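The following pair of complexes shares a single chain, subunit A, combined with subunit B in the former and subunit C in the latter.
The block that comes next holds the complex of A and B.
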């Protein structure tokens, strides 16, 4: 399979996000219940889903590292988790702002999905503590891979928490009966999701290229010393 | 501006600033890598001359 080039990926992310912002503010209908603040949904949920995708991709690369041991899988897993933490931070920030306008509070400890997402986020923040407390080498790569795999279990728990909970205030948009929104809202949501996933792919490739370049330069410096 | 408009703008601004901050970090890193490449190139040239 031919790899997509980084400039094309970055251009695709810019176009997709630009189109999604235009659709959110000029095409998507204003919600009768929440008003304009409902438009936060179009970025908040795709960002949260992208964070899950980052952690899942990181866990997949960790599994590959432990299973087939291809070169660079450990670095790829680390970069995906790094991206997941960035998207996770944005999820928590945009979610807090939405909570404040919708519920009147910045955070609700009684909401299982919020708390489980925070647990997932903090679990992956601790990944960096583990990674930077061990000397680089195969032992560190193995430990980090096992840790990343443990974390991925929290993703379905976090996603299903809202559906298993009996009392909640967090809205449920995707149920077993399909998305609980109009066709135009769902279309805008899908465009925003594609935009966020493309942004993740572009940032992932940029970060990975930087890390690889850094490693090659370190090797060159050692050869010249 | 109504509170609803303010909070919606704030949420989108957070995302924009977040991505911008990331681009700034990457730009700083790129600059450091450029300096390192120039330094290594200089050392290789010096070695060839010597």
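The block that comes next holds the complex of A and C.
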């Protein structure tokens, strides 16, 4: 499979995000209940879903590393999780802003999703601690891969745990009866989600290219030394 | 040798070491009693029963952490890990044996801590005891694996709580729910699910944590 070129990907992310921002502000209807502040939904939820996608991609690469051992899967897993932590921090930030406007508090423990993201944030920050406390090499790659796999099991388990001690304060938009929003809202949401996912793909490729360049440079230096 | 006898031999080694050195279990016992004493002073007089039950779980998690920090110390100090990895046995047997040993230590500490809690604070029901037993399995399964990761790094004692605590949050939710909620059955079921999911994952992945290739 030929990888999509970085400039094209970056351009696609810019276009998709530009279109989604235009749609959010000029096309999406103003929510009857929450007013203008509801528009943060089109940022908050796509960012959160993108963060999940990053963690899932990181875990998939980790599994590949342990299973088929392709070259570079460890680095790809690390970069995806790095992106996941960045999107996760943004989720906490946007969620916090929305909570302040909607419920009048910056942080609501009664909000399941927000607490889940905090747990995941703590977990994946520990991933970085682990990665930087072990010397680079196959042992570190294995350990990080195992820890990343624990992450994807932790997501549903924590979700269930937090759901068990749940309350109904968080608006549940996606129920088993399909999305609870109008057609135009759902359309804007999908565009925003595609925008965020392309942004992730572009950032992922950029960081990966940088890290690979680093590694090549180090090899060259070692050869010259 | 079969898998079970490998586990038996490895567990026996850990228990024997503890029996001779007497380091971990006394430390855990003193720690949990000291923690409960501190908890008496942090809870306001006539504090809610639910709140004190939460403190019991705090004590259990941190006592377990203390034991887990010590779990791989003999291996590290004597350079035993390489020998264990070289031994002609399945590597997951090392994890099972170490988890069983830590489980035994934690069980001993709790055998003192639970009556002490009942004496100092409030009585506990069978559901709390069942939840503690189920939680112990999950704590030891996950904790032993993260313990093995932590000793490989430079930060060691520093990093274990960071690796372990986020993974232990669901255990705390299940445990507190089972002891404090009116209908605790579903929380016990949740703890069983946690033990099964993470136990299997840890069992399958331990090999990669200790192997160098």
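Keep in mind that, in the parts below, the second predicted complex is superposed on the first by the 215 of 225 C-alpha atoms of A that agree within 3 Å, B and C clash if a C-alpha of one lies under 4 Å from a C-alpha of the other, contacts with A are read in each partner's own complex, and residues count from 1 in each chain.
By definition in this document, a contact is a pair of C-beta atoms (placed from the backbone, for glycine too) under 8 Å apart; a residue touches a chain by one contact, two chains touch by 3 or more.
Quick caveat: nothing in here was measured; it's all calculated off a predicted structure.
Engineer: For A:158 in the superposed arrangement: first (subunit B), second (subunit C), both or neither?
Structural biologist: second
Engineer: Touch check for A:98: first (subunit B), second (subunit C), both, or neither?
Structural biologist: It touches subunit B, and subunit C stays clear.
Engineer: State whether A:61 touches subunit B only (first), subunit C only (second), both chains, or neither.
Structural biologist: Once the two structures are laid over each other on A, A:61 reaches no partner at all.
Engineer: Could you say whether A:82 touches subunit B, subunit C, both of them, or neither, answering first, second, both or neither?
Structural biologist: Once the two structures are laid over each other on A, A:82 reaches no partner at all.
Engineer: Does the superposition put A:224 against subunit B (first), subunit C (second), both, or neither?
Structural biologist: first
Engineer: Once the structures are superposed on A, label A:37 by its partner contacts, choosing first (subunit B), second (subunit C), both or neither.
Structural biologist: first
Engineer: For subunit A, give the residues common to its interface with subunit B and its interface with subunit C.
Structural biologist: Overlap of subunit B and subunit C footprints on subunit A: empty.
Engineer: Tell me, which parts of subunit A touch subunit C in their complex?
Structural biologist: Touching subunit C: residues 66, 119-120, 122-123, 125-126, 129-130, 133-135, 137-139, 142-143, 145-147, 149-150, 153-154, 157-158, 160-162, 164-165 of subunit A.
Engineer: Contact residues on subunit B for subunit A in the complex?
Structural biologist: Touch residues, subunit B against subunit A: 2-5, 7-8, 10-12, 14-15, 18-19, 22, 26, 29-30, 33, 36-37, 40, 43-44, 47.
Engineer: Can you tell me which positions in subunit A touch subunit B when the two form their complex?
Structural biologist: Contact set of subunit A toward subunit B: 21, 35-37, 39-40, 43-44, 47, 86, 89-90, 93-94, 97-98, 100-101, 199, 203, 206-207, 210, 213-214, 217, 220-221, 224.
Engineer: Under the definition above, what is the set of subunit C residues touching subunit A in their complex?
Structural biologist: Touch list, subunit C to subunit A: 142, 145, 149-150, 152-156, 159, 162-163, 165-167, 169-170, 173-174, 177, 186-187, 190, 193-194, 197-198, 201, 205, 208-209, 211-213.
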